[in-house]
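What follows is chain A paired twice: with chain B in the first complex and chain C in the second.
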Partner chain A sequence: MSTSTQIGARAAVTPLGPRPGRRPGRRPVHAGRYAVMFPGLLFLAAFAIYPTIYSLVISLTKWRVTTGEEPRFVGLENYATLLADEAFWNSVRVTVVFVVFAVLIEFLLAFGLALLFFRNFPGDKVMRALILMPMLVAPVAVGLLARFSLEPTFGIVNQLLRAVGLPTTEFLGSPALALPTLIAIDVWQWTPFLFLILLAAMQGIPEEVIEASKLDGASWPRIIWHQFLPLLKYPILVGVLLRLIDSFRVYDIVFMTTRGGPVDATSTMSWQIYDVGFRSFTISYAAAYSWLLLILVLLVVNTLLRRMSSGTER
Partner chain B sequence: MSTIAPRRRPRNGLTALRATIAGIITLLFIGPILWMITTAFKTGNQAFSTEIQWFFTPTLSNFERVLQGTSFGFALVNSLQVSIISSVVALLLASGIAYPIARFDFKGRSGLAGVILSLRIVPPIVTIIPLFLLLQSVGLNGSLTAIILLHIFMNLPLAVWLLRGFYEDVPKELEEAAQLDGLGHLSTFFRIVLPLAAPGVAATGLLCFVFSWNEFLFANILSNATSQTVTVSLTQYVTPVGTQWTQIMAAATLVALPVWLAALAAQKYLVRGLTLGAVK
Partner chain C sequence: MISFEGRGRRLTGVAVAALATTALLGGCAAGAPQAEGDDTTLNAIFLPAAWGTVVKEQLAPQYEAETGVKVNVELIARDAIHEKMATLFAGQDSSYDIFNLDYNWIPEFGQGGHLVPLDDVVEDPSDFLPLSLEVATWGDQLLGIPQTVHPAVLWYNSALYNDPETQAAYQEKTGDALTVPATMDEWFEQVKFFDGREFNGQTLSGWAAQAAKGFGNVHTWLSFAFSYDCQPFDADFTESTLSSPECIEATQRWADMMQYMPAGANELTYDNVTAAAQQGTIATAIQWSWGQFATDDPATSQTVGQWEIAPMPAGPGGTSAGHLAAWVISVSKYSTKVDEAKKFAAWLETKENDVFQAKNGAGDPVRISSYEADELLSETLPDTDVPRFRRLATTLEAMQSAQPRPRFAGEEIWETTLSTELSAISLGERSVEEGLKRADEAQNRNLSD
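On to the complex of A and B.
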């Protein structure tokens, strides 16, 4: 219906012909409007497009920067070596475990916490501001703080463990505990981030929606499941996506705490690429490695976006 | 009245319960930070006793030693330079992109905005490999300029998206009126739009500052001994010698403090800023 009226309207206009003095496609007045965009766009292009191509080219060569030799074209050899490399698959496993558990736990905790703070109580504003403090501390400093807190003899965590009669534990030095400990550190630092987003979104839900559900006799769990979750879908998606993107990069706290160890228990992809590229200086191998990381991140982000959008259509 | 009164009582009980639980959780989040700050004000003996000392006479000696005896003081100055310059340039470049996207209807503007946003997905370790080689070939490695350039690049997508939202919030009628009065596009922007969007622009600048200040990977790879930023300078404490922890915590506190202050100043826009404008 609407399209036919539009066509009709346009047909009614055409007999008048093109208006004099207004030539489409030739508007020199407006070109100046867009000139201001160029410095920024040029900057982005210089730092995004050219390096991307360059990185792809390097990844098809064999090149160690330290030896001073020229890069030699080897085709897909780096990628083939990577896919057969046990250290590569270990880093994928470590990264995926880290990302999945960290983001999942952060989301669940943040959602619960947001529900707790949803209705006012005395002191809630101050508490909310205090909870945000961890996420503002530089991850490098958080890494140091974690090492100090988990220190066996005078670290606060082990002091508290001993106070309740538990044995002293080497959290970061144990192959079994190192990765869960890194996840715990990430959860401590970044749950506040999702909490902040979810709380803001929850408090943006119109009160009438909740009142109407209550009048229908819905209980709080039902309201949360049937009203909150659908209404919060977009903020949840944004928050979780940002956390996913960031947790795939985990590097700072690894650098400051475990350096990939013990053995390779916490060797995330970002750490491993750094190690290969900037400590062994096999830059071409690192470039290929980083492309596989990028592909993994894009795959995960894409899958999530498609899942969420297909969910809304239904 | 009588029907409402009994209903309220359990609610108050529930509120008290929620406040208590919230208080305990808050303590879990700020506990380590409180410990960090108190340790920074302790002497070695106070910090390394087998029992936690809750009450002590604070000392500033850790801060003094951190700022005087080491490269940390220089790193603070470097970081201030890097963060301030990169934020200001990012704001300028981003405004140039964001304002036309916010105001003018042109073909492919949402596509352009999407492409810029998608840059945020790329992990920094992917970006740094080719850029390290490029910056090396032009002799910029080890300079503050290299770090500044990368921080501008890192913050541009965020700044474009935030500023776009803030410029859209400025009523269009005001600009049209200004243009009727004969103001050009540039003077309309600087005299009308910018003052009205100032709180948002300031918040965007503060967030850029925070991200630049906390950034580690780029700075770590690109800096040398003289161009260390604060986060890189903290790595000198990775293998602590003896009872250095009180100084380390003083340094960590000094790194965190400006960010807490910046966040406090931009509190109102924190959610919007951290979600690139997606959640207001």
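On to the complex of A and C.
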């Protein structure tokens, strides 16, 4: 190594002196940067961190807000009561069934639709816009629409069924049909969301990959299985995760259609949390419920992420 | 890249951040009513039913014109009022001064000490229906001024009951004359007879009533329960007594009769029942007395002037007792304008305003004198001689025997618990005995908490 190179290297690691205009001995202060971050941090602390910690604390107490009494510390009693509560386990079952079927069906439909729209065809833009429309409607409005449409006597769906000679069906009033009906409503509204993500990702696949596969004699199913799916792995993961998280929180359509019934057939965890927290105002029990829902969501999401990442490492 | 390292820029950065923070926190208060900081503005929440609309659109502006006190009225759905009150009271929030309450919340908020006693502002309390005052009282204090009452009563289509062909068919089938049923057994016979019959081009269902899970099925069930002498609790609310023979008999009759409701019975809400009455697709119903006015609206009803009301058919012990619905006006303990709020609440229910509200479709009156008011009794439906307020005499009669929901602080939880079991019973998922036993067990757990 030449001397000149050594000198050059040394110079490169020599700490810089004070910049012109900065007084020596003072550390650079980036007050402006912190100041700009402050509102965001304050927002995060006020609306995310503090409520989260507060709800954890509340879940360890006994507190019914309307009594006017102060919360009383009871340790893990709320969690123990919940785990022995038949209604809690029913709500877990209902939620898991809802999430699994809704997200699975949405994914399959969205993937199929994305394949259909992958190549341009006449009128595809108009159809694409129409497909996306349900996603733009507020879930509360969707619930209301569903309630009126599926109403047994005057609802349009039953009127159509009767018109073609089929019997009146209690979509929301039958214990066997209520949950599948809610799943169908969710699928109708949120398939477009996954469709949008998958279509965007599919259109980003290089044409050369497809052409090369075709030249190798691969059929379309093989191209989809061996090329599309691996290349779409991360968009699929993001889309499915977002839908999973959202589905676990399903509340709006339950509130607007079945209110947890008939009996407890559609009593999801979020509905139960609302019922316990805002009807009977046992806030501490509702807080414990929320924490168990959070743990369940984290478990599922974490498992999914691990599986996907372990697949990548291999 | 933006840099704020210069002193001036640092200051600019801090100022921008401060402004942003202020805007952020300012936005947090966006949902709260505008505080005008004086005694001349009150903030109130009412139900978006006719009695809330009348207050918002007519009485509050009139009160402002007379007194200079402005009343901002927000109309909010029932469950949302309950939620809002509980959360505001928990925070001792003074944003709202006056609330419209379903009377079953009086024990809950009264026990918590969140409501102001109103005994001293009620004008001529002896003129109020005694039951309307009773349900607004907790701990010997009047915590709400009654605004409207509506006991559950039997609705029947008089055109159907007066139809000679129907009368003859009933006589032939049962050997009895077709008259308005006085007992549960008579009514059940008639419901079975009417169900599936054709009348005025419609296929009839025997009856309809609120039956949806939540509170609807409990409200209908209560009228059966009370008429069968079933009391859901012991006298001091220490034990749930839903498995008593009277409650089992009442529930069995209710469940049996559910078979004769329109399709989708388990989803029926108050509005669905009213719509069915307007369409003429039901023969009878259990509904609130006040709601009958909707069947007289030619814009929406095909049965104008046809629906009449009668007291609940009596159970085997001879008791006829409909379940009482009522709404009251209360003042928040955390209001900074309690005196003004009390004056307004009392003014809403002067004799004159009680009649005014009834005349404008805002529920049935709470004052006895209103039931004799010429202004109401002389009015007829347009182009007919059918009295518009023909229901008042029966309502007053029904109020003599009507019974309120169980009056204790955990009533809302009780309704939720019982509603789930009633839903299971009516759908055949559980037997009457099993459902009531489960409701008993769940409620006793709640009571022991």
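Keep this in mind: the second predicted complex is superposed on the first by the 281 of 314 C-alpha atoms of A that agree within 3 Å, B and C clash if a C-alpha of one lies under 4 Å from a C-alpha of the other, contacts with A are read in each partner's own complex, and residues count from 1 in each chain.
The rule we apply is simple: a residue touches a chain if its C-beta (ideal position, glycine included) is under 8 Å from a C-beta of that chain, and two chains touch if they have at least 3 such contacts.
Worth saying up front: this structure is predicted, and the values here are computed from it rather than measured.
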Query = Of the two partner chains, chain B (first) and chain C (second), which one does A:Gly260 touch, if any: first, second, both, or neither?
reply = second
Message = Output check: A:Val297 vs chain B and chain C. Expected answer is one of first, second, both, neither. What do you get?
response = first
Inquiry  = I'd like to know which partner A:Arg279 touches here: chain B for first, chain C for second, both or neither.
reply    = second
Message = Just checking: does A:Val36 make contact with chain B only, chain C only, both, or neither of them? Give me first, second, both or neither.
response = both
Ask   = Where does A:Tyr54 make contact in the superposed view: on chain B (first), on chain C (second), on both, or on neither?
value = first
Request  = Please work out whether A:Pro235 is in contact with chain B alone, chain C alone, both, or neither, and reply first, second, both or neither.
outcome  = first
Task = Mind working out whether A:Gly123 is in touch with chain B, chain C, both or neither, as first, second, both or neither?
result = first
Query = Touching A:Ser309, do we find chain B (first), chain C (second), both, or neither?
reply = neither
Inquiry  = I want to verify the contact counts: of chain B and chain C, which reaches more residues of chain A?
reply    = B
Task = Go through the superposed model and pick first if A:Gln203 touches only chain B, second if only chain C, both, or neither.
result = neither
Message = Taking the stated contact definition, name every residue in chain A that is touched by chain B in one complex and by chain C in the other, in rising order.
response = 30, 32-33, 36, 38-39, 43, 65, 151, 153-154, 278
Ask   = Okay, in this complex, where on chain A does chain C touch?
value = 28, 30-33, 35-36, 38-39, 42-43, 65-68, 151-154, 158, 168, 170, 172-175, 258-264, 275, 278-282
Message = Applying the document's contact rule, which stretches of chain B touch chain A when the two form their complex?
response = 15-16, 18-19, 21-23, 25-26, 28-33, 35-36, 39, 47-52, 93-97, 99-100, 104, 106, 116, 119-127, 129-134, 149-150, 152-153, 156, 160, 185-186, 210, 213-214, 216-217, 220-221, 230-231, 234-235, 237-238, 245, 248-249, 252, 255-256, 259-260, 263-264, 267, 270-271, 274-276, 278-280
Request  = Report the residues of chain A in contact with chain B in the complex, numbered from low to high.
outcome  = 30, 32-34, 36-41, 43-44, 47-48, 50-52, 54-55, 58, 65, 113, 116-117, 119, 121-124, 127, 129-134, 136-141, 144-146, 148-149, 151, 153-154, 156, 159, 188, 191-193, 196-197, 200-201, 204, 234-235, 238-239, 242, 245, 248-249, 251-252, 255-256, 269-270, 273-274, 277-278, 283, 286-287, 290-291, 293-294, 297-298, 301
Note = In their shared complex, chain A is touched by residues of chain C numbered 3-5, 9-10, 12-14, 16-18, 20-21, 24, 79, 82-83, 86-87, 89-90, 108-109, 111-114, 212-214, 262-267, 272, 275-276, 281, 409-410, 412-413, 416, 419-420, 423-424, 427, 429
